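Below you'll find the structures, each written out as structure tokens.
You will see chain A twice below: alongside chain B first, and alongside chain C after that.
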Partner chain A sequence: MAGSGISTDAARREMESASLKPRARRGLRWWALVVPAALFLGVVFLYPLARLVQVSLHSGPNGNEGPATLDNYRFVLDDPIFRQAVRHNLALLLAVPIATLAAIAIALALHAGIRGWKAYRTVVFMPYMLSVPVLGSTFLFLYGLHGVVNSILGDVGLGGLAQDWWGDPHWALPSIGSLVVYHEVGFGVVLMLARLLALPPELFDAARVDGARWWQVQRYVTLPQLRSVITTYVVLELITMLSWVFAYVYSTTKGGPNFASYVLELYIFENGFTFQLPSFAAAVAVLLLIPTTLVIMLWLRRSRIAEVNLE
Partner chain B sequence: MRVRRSRSIVVGALVAALTLALVAGAAARIEAPQKTTLTFWFWAELDAPGANKWLAQAVKSYEASHAGISIKVVEQPTDTFIATFTAAAAAKKGPDIAAQWATGPVLAPVWNGAITAISDLVPKSETSHWLNTSENTYGGKLWAMPVYLIGIPWVYNKDLFAKAGVAAPPRTWNDFTGACKKLRAKGITPFGFGNDFYWTTQLMLQDLNSLQDIVDAVAGKAKFTDAKYANFETAWKQAVDAKCFNDDVASLTVPKGQDLFATGKAAMTMGTDGTVRSWAKTLGASKVGVMRWPVYGKGALRNAYDATQSTSYFVTSWSQHKQEGADFLRSLHSAANLAAWYALTGVPPADDRFPVSKITSALDKTLYKLNTTGPQVWLQNFFPPQVDLDGNVPAQQLVLGGRGDGKAAAALRERAAARWRATKKDELKNWQTWKPVIAK
Partner chain C sequence: MNRRLLGRAGTQLPMLAVAAVTLYPLYFVVITAFKTQGEYRTNRLLPPRHPTLHNFHDAFRDGELFRWMFNSAVITFASVAVSTLIAVVAAYPLARRAFRGRTAFIGLNVALMVVPPVVLVVPLFLLFVRLGLINSRLSVVIVYIGLLIPFSLFILVNFFATIPRSLEEAALLDGASTLRTLRHVIVPLSAPAIVTIVVVNAVWVWNELLIAVVFLQDNDKRTLTAGLTFFQGRFLTNDPLVMTGALIASVPMLALYMVGQRFFIRGLVAGFGK
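Showing the complex of A and B:
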């Protein structure tokens, strides 16, 4: 019995160790997979973010002097130049529906199979491939008081509509908006067209067999199929208008005339680099991060809901 | 026995080889002392095309005659010229020798302890020959060395003036607006200009009585909205009303506006000496006239001209080779280097030992006379960059764009100065105690 008891204990221990081993191995594997990713995220995202917040709460040329206060935020929020920049970034959001509608319209037209649509697709996408400073210089020339746009308006008898597009404070920001739309539409067209080309042709044929007219096909078949792509494009464009317009502004008006096209990124750039006030720049960057994060979170939430609905 | 002997031979040979290597290494160290490398952050080409070539030659020649010195030149881009050095000064790490625009941009790092006084490193017998040194004098010491002088003269096209019946270059503001009307009547654009940088604020000088006036306004002891500091904007408004400028002045850059003069489409403009020389080449020297700014103001400085040494060169406080750096800078004022500078750039150097007889063209003689006669103040040097960018530039855009009057422009400048005072309290303390001296 005693001998049998020993062998039972040994067997139990063996069984326990056998059942622990894979668990321990799984645990190790889990750590091996998670730790590098966590380290990467920490170094690349969390540390800069924490440092940004730290700099925004302190003062000095390196953003590490004095006690942590909200003074920089108070100063920035009181600054009329900052408020003007916020208004301009918000005004630029109006370019998002314009770019989206234009991209949808062009994508639908190209998807309709007009002759030479592939060539048109390349032409529409081309501005997106050009660097923004190149486009900026071109638009400076096009929109000059004696530029091509005003010349054409004059030639077709609409000279009364000619403007000093860059020099007039009322037109400087809309001119930048139109430059952004020109650059971004091609990206939207390619995104939407890729989605449309991936759809089975039977989907459209069935709608037509059911007697749907062109508009009804677009309204009830095409647009619902494009919804996720349109949402993605709108989110990306919203982020662009809030925090990616620096190159457009810097290569054209540099925020002028008299701050008429001044945007938040220029505020961050000038305070951070030109005026050596990194704490103000950091405070604005943190403030800018809030709406951008909100937009991304809303988008992620919406994507999750869409996935659940699909399931 | 044989084995032991051969082992001792091997050991002996190894010891001998090691000793030899050590001795040879030490000898090599004695024979070839380590070279001192001086890093030089340089800027001048935009003011004086040819400057980079001149410096390359000067460095080559200096290195040839100073075997232990090597100079690494790093050209600085204009857009980040101040910001890059300010960052280096904050970290107390960077070049041994550097350039900055005179006065404010030099004195700010002086106040932050980033510059070694050049008067502590170069004897007075040498510095006494340098021109416009008052621009960088503070606390009884000279902090930076000049290389050349430039001003912003006004220029006019003699043919277009004759065509419009403008008999002489305008001396007063009324003469100027009168000339604009005559030129407009003949379909000629009177003044080609743009709207992206300051320059028009220079006219403020004509209402000031001393440089202390401008320092007081920056430091907050006076306001830019006070009549003394704001009146000049009315002059520009008068010029706008008299249609003096090209109709697209609000949307062109200054160089694009100046191009109207260079191509014979505008009768007047203003520019630095270097650009004036290039216009004289394009249009023909006989067609280009040079003049002082027309007088509008009533201050004691109304007749002061605007020459400056532009960029100044100095030794940083953290350099391990301060004397070597100063010696190299001093060498740039040798007779050979001064002659080479003029030959390569066409800009007279800022040194009274330079033989004026070498200046032969009438245009260069006029420019040199303007730059070296009477009081000289480049007013932009007395504005912190923050006030210049956020105050002077938008104020000019407002007035020249025809979107506001002098009062609104002055309010913009004061707002920028107030913001600077609130954000740069350490710098403000230095401005409050600064007693600037006029270059003569």
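Showing the complex of A and C:
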């Protein structure tokens, strides 16, 4: 860049002379460009988060009546339906290792130079592009009593395994879990495969020359390189299972049968909008924010995702 | 048998199985949309022997599907356009200038990227009731713009930071203002990143359910994704008609996927692959 030295110096001098103006004014000028974004973040995130706490501590249709009290928290913590919802969200966490292992396996297979890996990636990622309600209504029929899954089980002589997948309280939640995994695996594959493709091929050649077997290469070379991406994927999926499964449940069981697949978001949704009890909904939302925030903080501290270098 | 061939079959066969399981539900949507209810009752697995367009006729008859599709298109366009513009303008100083509060703002922005919308809807609902904005498309556009900003800003700040400084300095030297430099130097160089956030965000808004259900309760204000769950409830015994609705709702996103797949993948990788 020797040729551009002069102009760069001149520009830098220009910029420096500009920065001789009172510092605060310079800062304000840059903030002026950030203000519209900050305004939206304030209206859509910060104000609602503050108001959420207020509503959770009061009663009334606007969540601002009476003195501050923890009664709403006491009520929901004693509510058997709330406890059931918590258990269901925790049970859905089982989908995280399943989706993660499936994504790792598929990413490794595609990275092994399998013929048509790009086509496979396109296919595996496709469900992630479709809306959850589309997939929900499709799975509603596939898993129906006379649906394709049961009829295939019957055709291969496993008719005894056929279930009323959505109507049986034991199977409603696992059915939702399978739908979540179906939708989310492709995202993990894409993340991990991208990382693998960015690695220098010599990394693998060296191990192979040393006579390492395929699984040894994966275990000692590939997987360690994937660690940070796997962590990110696991974190995002944990948050999904705790607080982002509304669409899956709403488009299939709506929490039934008899609350067998009821989740925290449905509790917030029904109390907040169907029963017009925003204070209970807000209390649950605050309780839900606690583990979510913890997971986010741990992840932010571990990853370098928020770092942006100026030079 | 040749060992290498065996090894190749060892990965091809499981991957073929994965692809088949992944594609089957989509195949089911398509074949079912072209079946009559009578044929569906006796033939669920195979393509229709007597394909019919009857379901499409029925699905569009009331006009509500068109209405929902129009709503989705307007809402998606407005929220993606405005949020992208706001994020481009804000990302420039955040990526390029040192000023007080910059690092804190970037940190806050990344944390907000993963805040689940479900914790925001109750207070936002109370706010919009007071402002008289319930059942107005403006309300969901405002919420979507806010929800899209953290991811867009994050991608753009990281991308802008990789643009060589010399290009920008040349423009400043020519006396261009900050906004002119942004428009004529930074934005053209950032086209891939901008296309990426537009594609990722458009898909997200088009598919969003919770906010659409909460804020748009009038039937003629619904988005297509929200309308579909409603449609499904009304025609629960008519599987082929529901699958036709699902197919219609998916076609725009599948088309976008086919055209913009690499942008979509690049966006998610840039966002979370660090």
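What we mean here is this: the second predicted complex is superposed on the first by the 258 of 311 C-alpha atoms of A that agree within 3 Å, B and C clash if a C-alpha of one lies under 4 Å from a C-alpha of the other, contacts with A are read in each partner's own complex, and residues count from 1 in each chain.
One rule holds for everything that comes next: a contact is a pair of C-beta atoms (placed from the backbone, for glycine too) under 8 Å apart; a residue touches a chain by one contact, two chains touch by 3 or more.
Worth saying up front: this structure is predicted, and the values here are computed from it rather than measured.
> Looking at the overlay, what does A:N258 touch: chain B (first), chain C (second), both, or neither?
first
> Could you tell me if A:L101 is touching chain B, chain C, both of them or neither one (first, second, both, neither)?
Neither partner.
> Could you tell me if A:P36 is touching chain B, chain C, both of them or neither one (first, second, both, neither)?
The second partner, chain C, only.
> Can A:P133 be said to touch chain B (first), chain C (second), both, or neither?
In the superposition, A:P133 contacts chain C only.
> If you count the residues of chain A that each partner touches, which comes out higher, chain B or chain C?
Of chain B and chain C, more residues of chain A lie in contact with C.
> After lining up the shared chain so the two structures overlap, which partner does A:D164 touch, if you call chain B first and chain C second: first, second, both or neither?
A:D164: touches chain B, not chain C.
> Taking the superposition on A as described, I'd like to know which of chain B and chain C A:L70 touches: first, second, both or neither.
Touch status of A:L70: no partner.
> Looking at the overlay, what does A:R115 touch: chain B (first), chain C (second), both, or neither?
second
> So, A:L298: does it touch chain B (first), chain C (second), both, or neither?
A:L298 contacts neither chain B nor chain C.
> If we overlay the two complexes on their shared chain A, which of chain B and chain C does A:N62 touch? Say first, second, both or neither.
both
> Across the two complexes, find the residues of chain A that touch chain B and also touch chain C.
62, 146, 273
> Hey, which residues of chain A end up touching chain B in the complex?
Where chain A meets chain B, its residues are 61-62, 75, 79-81, 144-146, 164-169, 254, 256-259, 270, 273-277, 280.
> Touching residues of chain A toward chain C in the complex: what are they?
Contact set of chain A toward chain C: 1, 4, 7-8, 10-12, 14-15, 26-27, 30-31, 33-34, 36-38, 40-41, 43-45, 47-49, 51-52, 55, 62-63, 106, 109-110, 112, 114-115, 120-127, 129-142, 146-148, 151-152, 182, 186-187, 190-191, 194-195, 228-229, 232-233, 235-236, 239, 242-244, 246-247, 250-251, 265, 268-269, 272-273, 278, 281-282, 285-286, 288-289, 292, 296-297, 300, 303-306, 308-311.
> Considering the complex alone, what residue numbers of chain B touch chain A?
It is residues 80, 82-83, 86-87, 90, 195-196, 247-252, 385-386, 389-390, 393-395, 397-398, 401, 403-404, 412, 415, 419, 422-423 of chain B that touch chain A.
> Give the list of chain C residues in touch with chain A in this complex.
Chain C reaches chain A through residues 8, 11-12, 14-15, 18-19, 22-26, 28-29, 32, 44-45, 83, 86-87, 89-90, 92-102, 105-112, 114-116, 118-127, 142-143, 145-147, 149-150, 153, 157-158, 161, 165-166, 169-170, 172-173, 178, 203, 206-207, 209-210, 213-214, 225-226, 228-229, 232, 239, 242-243, 245-246, 249-250, 253-254, 256-257, 261, 264-265, 268-269, 272-274.
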